[in-house]
Amino acid sequence: MPDVKKLMYVNRRAPYGTIYAWESLEVVLVGAAFDQDVSLAFLDDGVYQLTRGQSTEGIGMKNFSAIYSALGDYEVTRIYVEKESLEERGLTLDDLQHLTWEDEDEDWAEKESIRLVDRAELADVMSNQDVMFNF
Amino acid sequence: MSILHIVNKSPYEKNSLDTAVGFVKNGDTVLLIEDAVYAAAKGGSVAAKLDGLDVSVLGSDLAARGIAEDRLIDGVSVVDYSGFVDLVEAKDSTQSWL
Amino acid sequence: MKFTIQVNEGPYQHQAADSAYNFVKAALEKGHDIFRVFFYHDGVNNGTRLTTPPQDDRHVVDRWSELARENEIDLVICVAAAQRRGIVDAGEAERNGKDATNIADGFRISGLGQLIEGAVQSDRLVVFGD
Amino acid sequence: MPDVKKLMYVNRRAPYGTIYAWESLEVVLVGAAFDQDVSLAFLDDGVYQLTRGQSTEGIGMKNFSAIYSALGDYEVTRIYVEKESLEERGLTLDDLQHLTWEDEDEDWAEKESIRLVDRAELADVMSNQDVMFNF
Amino acid sequence: MSILHIVNKSPYEKNSLDTAVGFVKNGDTVLLIEDAVYAAAKGGSVAAKLDGLDVSVLGSDLAARGIAEDRLIDGVSVVDYSGFVDLVEAKDSTQSWL
Amino acid sequence: MKFTIQVNEGPYQHQAADSAYNFVKAALEKGHDIFRVFFYHDGVNNGTRLTTPPQDDRHVVDRWSELARENEIDLVICVAAAQRRGIVDAGEAERNGKDATNIADGFRISGLGQLIEGAVQSDRLVVFGD
């Protein structure tokens, strides 16, 4: 078994309607300490997790959307967003948060975390993972 | 008698909205709450399913999901929980399409 | 107007319990009567006093208990559903040989007939679930 | 408020995958004692609840399908099955249990409980109910 | 590397199967369990979605739902829990499309 | 082969807990190792000893406890998920000021790291949920 595994967190649910999005994010934050090769995939209603401007005062639930922008600090730098899922929902990348990370090897240059991929490309990435987490 | 059709599931994930709209009669209202509010967002592939129906959306669920009111399809009413209660009162019965 | 509310899902996993609470609160503020809130299926898990949610999140169970205390709301947990999921009051603990209880303040355990009665006696039944 | 209300149990879920079908049936059985005007509707995956030949030994769960045929004894005599839902699933009435009740007023003549209706007809029936139960 | 795609939801209720089949590559297998077994029933409107895929169905979930094996679409393999375990072992990873 | 299993839903409401149990049993019978069963989300509700299911139905919780006893399976309940849902052992009761515990025999409460560790240490992760 390799020392470092490729772990992918597969997010397919909208936030707030169920807790899966939030408790999945909690796994990602804890998992960051394990020095594995981590990526996140957002598809189907999972793309809604990353939308801007979420405001939960009216429903009395914790707003966890700001935490996605901290993922770069946890060295989670590869976030795949599926193109077909965005399009079906009438969304573009501009509707999502701008997620970045700082590359230590390039004098802390700021880089994009989100990679827009179509379903076939995401299927290729998925087929190279050792473990997929599903919530 | 009139029915308040309550839908709470994302129309992209579940068939609840599809079925619900098939049961809407004159005088009925469709109320979108929780993840169902995505159905009323402009540009989404399911939005046309609401054409010609009397549709209300729960504003706090919209706000939680970051959907500004100007992103809603035309003709949709935004209500708060008090408006939700009024709708239940105004219709003769409720049907939750879980 | 008189409402009975049915809650089919437990706290936190689904928004149903939150939506139901917010609906009940709004109805009370408008002067309506809440004849009963009936917790069915996993909804019975709204009635455990053993939860400790994070401090920056809402406390779903305590919110129900406070609402019941302040407004004398009848919060009924279905006994059959509760037995499957492990929600226990003193009577149930004795009947089923359990060494602990976990029911929260303001809730009571009773039969499914309470749901039917609520629907028949109220002007409206509103169901919140998954 | 009328002494007798029209109550409809609306069943839209498959059995076994979730408990809603079974716990819904438990409500119907208890509710039968309340002398209300009761009907059941089966649509979407709810039509699967009534299929013949269910056998749960392999999954270790209780098989409750036989109870539907006892509904007549509980004076539950109106069971609406939606045509479109059957067709979409490649089912016909022959795939469902034969549910009957005995009419006391006609010398206990055996009568059909299942009424095959299309969506528009079921919508009409629903609009005449006082209360719908949803699971 | 090969993936075992596990689907457990009815294809008439949820979009899981729709998405899953879009991710199946050569060498992958789709395993239908729980309410997803309805997808493999002959005559159903979703059955065509499985065309050309390597599909297995959990037999005990079929039996529970009253689906006789002769009602399955052609080419589907029926496995028991032991066969489920073998599939997990045979593929390099699993993806549960919940 | 070494498996870690994740269970996302509680007993009875969803078949997930049953499917996971049947999978684990079959894997053990074939001589595989179960490194860990990790209960997350409402899955933590598999670990309450307060359930009393009907006598003609399976006992989901007791089945897990027996499996753990007979095969020394590590049944881990996520602490964060458990706090939200009210699954409590002696340590948690003391930490959070609870007057009762409800954890079942054979289960232990621990952190999310146990899931990651399970996934990294095992040959396969299999997830059962809704």
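The chains carry the letters A, B, C, D, E and F, assigned in the order they are written, with residues numbered from 1 in each.
Everything that follows uses one rule, which is that contacts are C-beta pairs under 8 Å (C-beta built on N, C-alpha and C of every residue); 3 or more make two chains touch, one makes a residue touch a chain.
Please read all numbers here as calculations on a predicted model, not as lab measurements.
Separation of chain E from chain F in touch steps, taking the shortest path, is 1.
Under the touch definition stated at the top, chain B and chain F share these contacting partners: A, C, D, E. Annotation of chain C and chain E: jointly contacted by A, B, D, F, touch as defined at the top. Chain centres computed from CA atoms place F at the largest separation from chain B.
Taking the mean of the C-alpha atoms as each chain's centre, chain B and chain E sit 33 Å apart.
Averaged Cα coordinates give chain A a centre that lies 43 Å from the centre of chain D.
As a whole-number value, the distance joining the C-alpha centres of chain A and chain F reads 27 Å. Centre-to-centre separation between chain D and chain F, using Cα means, comes to 35 Å. Annotation for chain F: residues touching 2 or more other chains are 8, 12-13, 15, 19, 22, 41, 54, 80, 84, 123, 125, 127, 129-130. Counting partners per residue, chain D has 16-19, 44, 59, 61, 131-132, 134-135 as the residues that reach two or more other chains.
Under the contact definition stated at the top, the residues of chain E that touch 2 or more other chains are 8, 12-13, 15, 34-35, 60, 80, 93-94, 96, 98. Every pair of chains that touch is listed here: A-B, A-C, A-E, A-F, B-C, B-D, B-E, C-D, C-F, D-E, D-F, E-F. Per the touch definition, chain F reaches chain A in the complex via residues 6, 8, 40-41, 80-81, 84, 111-113, 115-117, 119-121, 123, 125, 127, 129.
Those residues of chain E whose C-beta lies close enough to touch chain B in the complex are 12-15.
The residues of chain C lying in touch with chain F in their complex are 10-13, 41-42, 45, 48-54, 61, 80, 83-88, 92, 96, 98, 100-102. Put simply, chain E touches chain F in their complex at residues 6, 8, 33-35, 60, 80-82, 84-86, 88-89, 93-94, 96, 98.
Considering their complex, residues 13-18, 44-45, 48, 51-59, 61, 63, 65, 88-91 of chain D touch chain E.
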